[in-house]
Amino acid sequence: MRPVATTRSATGMPTARLAVWWLIASEVVIFGGLLASYIMHRLAHDAWSVQAAYTNTWIGAFNTLVLLTSSLTAVLGHKAADEGDGERAAKMLGFTMLGGVTFLVVKAFEWTIEIQHGFTITSNTFWSFYYSAAGLHALHVLAGVVVMGIVAASARKNEELHRVELIGLYWHFVDIVWIFLFPLLYIAK
Amino acid sequence: MSEEHTHHPNYVKIWAILVVLLVISVTGPMIGIKWVTLFTAFGIAIVKAYMVVVNFMHIGATRRFVPYLVVTCLLFMFLFFAGVAPDVMKADGENWSKPSWLEAQAQAALEGDHPH
Amino acid sequence: MAESAHATHGDHHEQSFFIKYLWSTDHKIIGMQYLFTGMFMALIGGFFAYAFRMQLAFPGLDIPGWGTMTPPNYNALVTNHGTIMIFWVAMPVLIAAFGNFLIPLMIGCDDMVFPRLNRLSYQVFLLSTLVLLASFFVPGGAFGGAWTAYPPLSAQATYNLTPWGAPLWLLAVALEFAAFLMGGINFITTTMNSRAPGMKMHDIPMVVWMIVLASIIFMLSVGPLFAGAIMLFFDQVLGTGFFDPARGGDPVLWQHMFWFFGHPEVYVVLLPAMGIVIDIITVFARKKFFAYKVVLYTTFAAGVASFTVWAHHQFIAGIDPRMAHIFTVTTLMISVPIAVIVFCSIATLYGGSIRFTTPMLWALAFIFEFLLGGVTGIYLGAAGADIYFHDSYFVLAHFHYTFFPIAIIGTFAAVTYWFPKMFGRHMNETLGKIHFWGTVIPFNLIFIPLFILGLAGQHRRIYNFSMYPDLAKPEFQDLRVLATVSLIVMLAFQFVFLFNFFASMIKGRKAEKNPYDANTLEWTTESPPPHGNWKELPSVYRGPYEYSVPGRADDFWPQNEPS
Amino acid sequence: MFEAFRVEALSTFASDIDDVIILVTVLVGFWFLLAQAALLGFCVHFRQRDGRKAQYIAGEGKKQLSWITIPLALIVLCDVYIAVVDGPVWKKVKETLPEADRVVRVIGQQWAWTFVHPGPDGKLDTADDIETVGELHVEVGKVHHFELSSRDVLHSFSVPVFRLKQDAIPGRKIVGWFEPTGTGTYDIQCTEICGIGHGLMPARIHIETPEQHAAWMSERSQTLLASTTSPRAGQE
């Protein structure tokens, strides 16, 4: 049973959405710290561009496309949930999950090739940053997919529809992190 | 509950714009001018992120303090960068130097800026 | 609001002990869990202090309760003493225990907004505690590279010789951070959204504000360090080179990440203690809090300012010397908001009718002792003077004069003050006062000598000063012995507290609803509050500090009393 | 009684640093005592007494707040003054490099200090360099530069009598200076934790008169000559 506390809204904003924004704030500083460190090092080491040249822009671009599209389906799910159409919302979340899984599979494929070519996390500090940043992001994608599965399952039954928006917010944030990782790791060479 | 209702814009259109921006950011480097690359890569990343925040995350429709919060986080990160960069981003400074970094820089300069 | 529909909840099934105390989602129980865990860790941290101070006073002696002290032992004890006292005592007790217990009670709702997240937060915290304790029993022993864990020492087992201890230590700290992020989200959203009807921004008691602000500061400052912890962990276990200069990394980066969090962190623990003190002072001086709004907004300002001073810990650490000028100015300036808070607390006493109960004594002692800790920070903030002071016992005494008042004195103030509400019984006043004097006097006798030793150039984390002729003089040793003996006296008096605490819990005088004639909402329900806190949730009509209002018969005016 | 705890001030900037410390003591000490006096005074004067009720003071409005704002303005002044005095001192110690009479190299490693002195020719990286472990020999009245580095982890080169301290960082070369103003033998400390031997890393600084220094140097170069020339002679 839920405490009364959860039903109050002194700010006029649903508590859960408020909490997701605070969660995002705490994630912004985590990724911010990591990326700031990477940028400093990258600018300090011209020699790293040799390493960066080996990352595959096309795979990165494809994954960006996948994530952008999954954000679209996430927000369409939100719209459907707002209109009370749980079925459609669940379907849209399903597409988003599909996007997330595609992203991870492509990532796994990409990393396998790179590791086979000898670019491991320890081979050079550029690659250390590459795997750490992308890996942390991939963990977020994975977590998002899992939680989204739970949300979609209840949305299908027209329950807890407000959660569709919440997981969407998180998903868009993960998308934005990738929007920055893509140029940082793939384009700048 | 005083739940504000979100206005839903045409998401597919926004998505299409995002994809076009993506294409630009991938093709930008092909021109081969450094500042164009930087602009198409990072300028466009900022635009894309902004579009997602505004259109998909509906930051405008939330209470005012949410954008303030996010901006504060970003400002703190810039502060962090500004305080740390003088030590980490440079190979030498007032009365100190990192000999191995200087060496690596000299090496890289010898090999030329664009080794490929 | 849809509250009345819910008001009848609290249908009591008989719950098993396990469900009731270990699997509970009730904020009061979770608060207790944090309190008892923190208390346990305080005893461990105190024991460590005893062990290594014995070694300093009587080098080479077989220490009763510990045995002989080797250099790796010494480093491990100092490191984990610092880590435990900050992350497993100060934070869990001041923020998590009292935050959990007080926030719903003081803002007039029945629980946290995310009770299950709350429970998870404690469970992760408990896990982190176990991981930390386990690190003492692994091959190589516990980590001994100081609580700041500077690489490359912390990053490579060949340097620190604790192949298991170092990663476990890091893991424990990271888990603890995760627990506090979850707890923090709960505190913040609960306070923002679930206040009693009528409770406006300026009706929130100071202690709640302070805990919430502390949670926000924690959340926004810990990010880079969290990222840094991942990087350091990879350095340790995978062999990456993030902090290895030979491979293009930079050890100074960690220091920045650590202190970008580390300095805000000291205010994270300061603020809740300050809030506790303010609430106690107003009650026992029967006074309205002086300049509530001014203090509130300066605290916001102090929170922001705390992000701008971090490199004052690194003046000598090889950062670009030009940066020191900027950080000197920001550091000195931060004395201004802190002074506002302290001065307004003192001003609150003016014109009061002060009752020297045990909690009040603790609260006053907090201000008395913290002032010395605060002003000695100014010596360190002046970069020129810090060249001499850095990593000396002067720094050590500075921060014990801040941390001890916060983590120990502040905690005792809070525990003795809210004890009747927590356990429904009163603590014994006489024993309380004996414990008070038996703690505060030895405290000064421990750390004043350490100030003097610091001024004389004694440096930190040295297990035996006989190697340093200038520091091995007999006069120096006398002071070390004085400090250690005082510590033993202080620790002995803690048994008075523990006895008082547990005995009162069982046999103390039964507590009324509102034993201190206080205004805030937690005093309007039973002691201890039932599940759900109130039969009918209260509404709020005024601020928390309306004491001695002219023209009223009572000298207090509860927040929930309609005017 | 406190005589035993006095630390000699033996460098040209030591007294500048001491002056900053004294200045802070005076300015901050004043406020410290004032605040303590107010705290204790209020406690005594406003203790609970029969028949007296507490006053109702909100601490709002310009007049009441001036009890806080005026001290604050003065505290800001104190802060500014401290910063103004402190800045040049820091600059003198850490940001300037007066012309060097002699350069020594200071190398930290787990767990000993290695010092490289230039030898009779006055130059480093020549055959007559004198390398010592745990003792640094300097000459009074001469400006010394030190080149600080580390072979493994962080260490910190601290000479209390000089009021000098600087962390050594692997992968970095940090240059600093000092000019001794008195002679004697004193502690050099490692003030940054560097592993289990951090407490076992003491060294001594010998501040010598020119004659003493020359004598030490010739003694050392003799032994150096003896130790380096003989095996090499055997090889050839």
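Per-chain numbering from 1; labels A, B, C and D assigned in written order.
In this section, contacts are C-beta pairs under 8 Å (C-beta built on N, C-alpha and C of every residue); 3 or more make two chains touch, one makes a residue touch a chain.
The model shown is predicted, which means the values in this text are computed figures rather than measured ones.
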By mean Cα position, the chain sitting nearest the middle = C
Between chain B and chain D, tell me the centre distance in angstrom, where each centre is the average of that chain's C-alpha atoms.
-> 42
Roughly how far is chain A from chain C, going centre to centre by Cα mean, in whole Å?
-> 35
For the pair chain A and chain D, the C-alpha centroid-to-centroid distance in angstrom is 49
Per the C-alpha centroid definition, the whole-Å distance linking chain C and chain D comes out as 31
Residues of chain A that touch two or more other chains sit at 7, 9, 11, 13, 22, 25, 28-29, 32-33, 36-37, 40-41, 45
Two or more other chains are touched by the chain C residues 220-221, 223-224, 245-246, 248, 250, 252-253, 260, 318, 321-322
Return the residues of chain D touching two or more other chains; collapse runs of consecutive numbers into ranges.
-> 94-95, 171-172, 174
Write out all the pairs of touching chains, ordered by chain label.
-> A-B, A-C, B-C, B-D, C-D
Contact set on chain B toward chain A in their complex = 1-6, 8, 11-12, 14-15, 18-19, 22, 25-26, 28-29, 37-38, 40-42, 44-45, 48-49, 52-53, 55-57, 62-63, 66, 69-70, 73-74, 76-77, 80-81, 84-85, 88-91, 101, 104-105, 107-109, 113-116
Touching residues on chain B, where the partner in the complex is chain C = 72-73, 76-77, 79-80, 83-84, 86-88, 90, 93-96, 98, 100-101, 104
Provide the residue numbers of chain B that touch chain D in the complex, in ascending order.
-> 94-101
For chain C, which residues are in contact with chain B within the complex?
-> 220-221, 223-224, 245-246, 248, 250, 252-253, 256, 260, 307-308, 310-311, 318-323
Mind listing the chain D positions that touch chain C in their complex?
-> 2, 4-7, 16-17, 20-21, 24-25, 28-29, 31-32, 35-36, 38-40, 42-43, 46-49, 52-60, 64-65, 67-68, 71-72, 75-76, 79-80, 82-83, 86-87, 89-91, 93-95, 110, 152-154, 156, 158, 160, 163-172, 174, 186-187, 189, 191-200, 202, 204
